[in-house]
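Each chain gets a letter, A, B and C, in the order it is written, and its residues are counted from 1.
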Amino acid sequence: MTTHPKIDALLLHHEVETFNASYAAALDEQRLTDWVEMFTEDAFYAVISRENADKGLPVGLIYCDSKAMIYDRAFALEKTSMFAPRYLRHIIGNLQILGPATDGELHARANYVVIQVLYDRPEAKLHQVGVYHDKFRRIDGALKLAERRCIYDNLLVDNALCLPV
Amino acid sequence: MTTHPKIDALLLHHEVETFNASYAAALDEQRLTDWVEMFTEDAFYAVISRENADKGLPVGLIYCDSKAMIYDRAFALEKTSMFAPRYLRHIIGNLQILGPATDGELHARANYVVIQVLYDRPEAKLHQVGVYHDKFRRIDGALKLAERRCIYDNLLVDNALCLPV
Amino acid sequence: MTTHPKIDALLLHHEVETFNASYAAALDEQRLTDWVEMFTEDAFYAVISRENADKGLPVGLIYCDSKAMIYDRAFALEKTSMFAPRYLRHIIGNLQILGPATDGELHARANYVVIQVLYDRPEAKLHQVGVYHDKFRRIDGALKLAERRCIYDNLLVDNALCLPV
């Protein structure tokens, strides 16, 4: 760390932004094993509608409370036959570092847009739009997600099961 | 400030980016009072079509030349009955700091996309796409918008009145 | 350059991000001469479908192996009559600096979304979504693109010829 607090804040912001870019690339390129490795062993990962989140309801489309469960969820989808081939593309923006919380974890948020293209169609569609509410923990020097709650404004159900976002 | 001009430029870029992330979050979460507080007392805020802006025509969809007027405009919409409930989500990207102008204000620009979801529909739509042309002024150490001209390429009129962008 | 490697990495990331913001602004504002000047004399520029890129097929929609060819391609389109007037808006995000390669060039990637609006229609459409695979070279102190491969997930052919992305 440097000795200038503003520069330290900037370096931390950059580290989280870099993490999010890697996270997006792993999902966009369907490297699901790499994606799973970005979480802590006890990570919480959920995909919840904004409507439910606003009401404090925890019910989500995806709900995992460990890395093992995240792993199962990710690869279960790959083996499903009712799954038309598609490309996904993430844009993650508007990152906000919300400061360290009392639990020693780093809280952050960022908006996300996932754009979907079916192999046999020229049109790209807004598959999912929302916000990540995150808690990061540093393990052996590297940031990992201890919690990512994906709160979506919409979900284009289309002919898709829900992929991780 | 540090003594390295490149680092100072980076810190300033980061400060404006952080401002824009807060601005987006305030609108996305419908915290309109917080949004209004991001402007100076004498702020100019307008939402103008690219066609009119290119021709130098000032006529806009929204046109406010003080914070009081911005406040009125923001809350007038909330009291309108012909307004279907919806979620908005901003992505602000491609920030460019254009350097300090002779008037002592910081000039900047950024592209924006506003995605809209009606409560009762699964589809997200590109509500508005455009560019912010901004002038920032520092007041008591914090950046405020002295001017934001939102030049939109399109406006999906839909069943919406125009919300702030 | 400073003496802190993390700060140097951050400054380099910022320099590429600034480059991409200028690149997007040049295309969005149809300043094609400015756009062409962002490439090296021997630059490679191609727009290739993800399907072909994944198979290692070099065939693309646009394929230029020099700045002169990029120039010709850019201005050929302007003289075509079958070209409905439109606005484009780029959002470039998720920048990743992939480190210097053995050839001394800086490798990077970033996701992009190009949104298109036809003059006479209110709807914005996702024109093209994809990823830039880039090699940058420093010439007289400034970054230039020695290679940009635009790999698109989709292409909305619409009534458009293909513009540079």
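Methods note: contacts are C-beta pairs under 8 Å (C-beta built on N, C-alpha and C of every residue); 3 or more make two chains touch, one makes a residue touch a chain.
None of these values were measured; they are calculated from a predicted model.
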For subunit A and subunit C, what is the smallest step count along a path of chains that touch one another?
1
Enter the angle, 0 to 180° in steps of 5, of the rotation superposing CA atoms of subunit B on those of subunit C.
120
For the homomeric pair subunit A and subunit B, should the interface be classed as same or different, according to whether the shared residue numbers exceed half of all numbers used?
different
How far is the middle of subunit A from the middle of subunit B, if each middle is the mean of its Cα atoms, in Å?
26
Each of the following residues of subunit B touches two or more other chains, namely 7, 10, 91, 93, 113, 126
Any idea which subunit A residues touch subunit C in the complex?
2, 7, 10-11, 14, 18, 20-22, 24-25, 28, 87, 89-93, 113, 115, 117, 119, 121-126
Subunit A contact footprint on subunit C (complex, rising order):
4, 6-7, 10, 13, 50-51, 91, 93-96, 109, 111, 113, 126, 128-131, 153-157
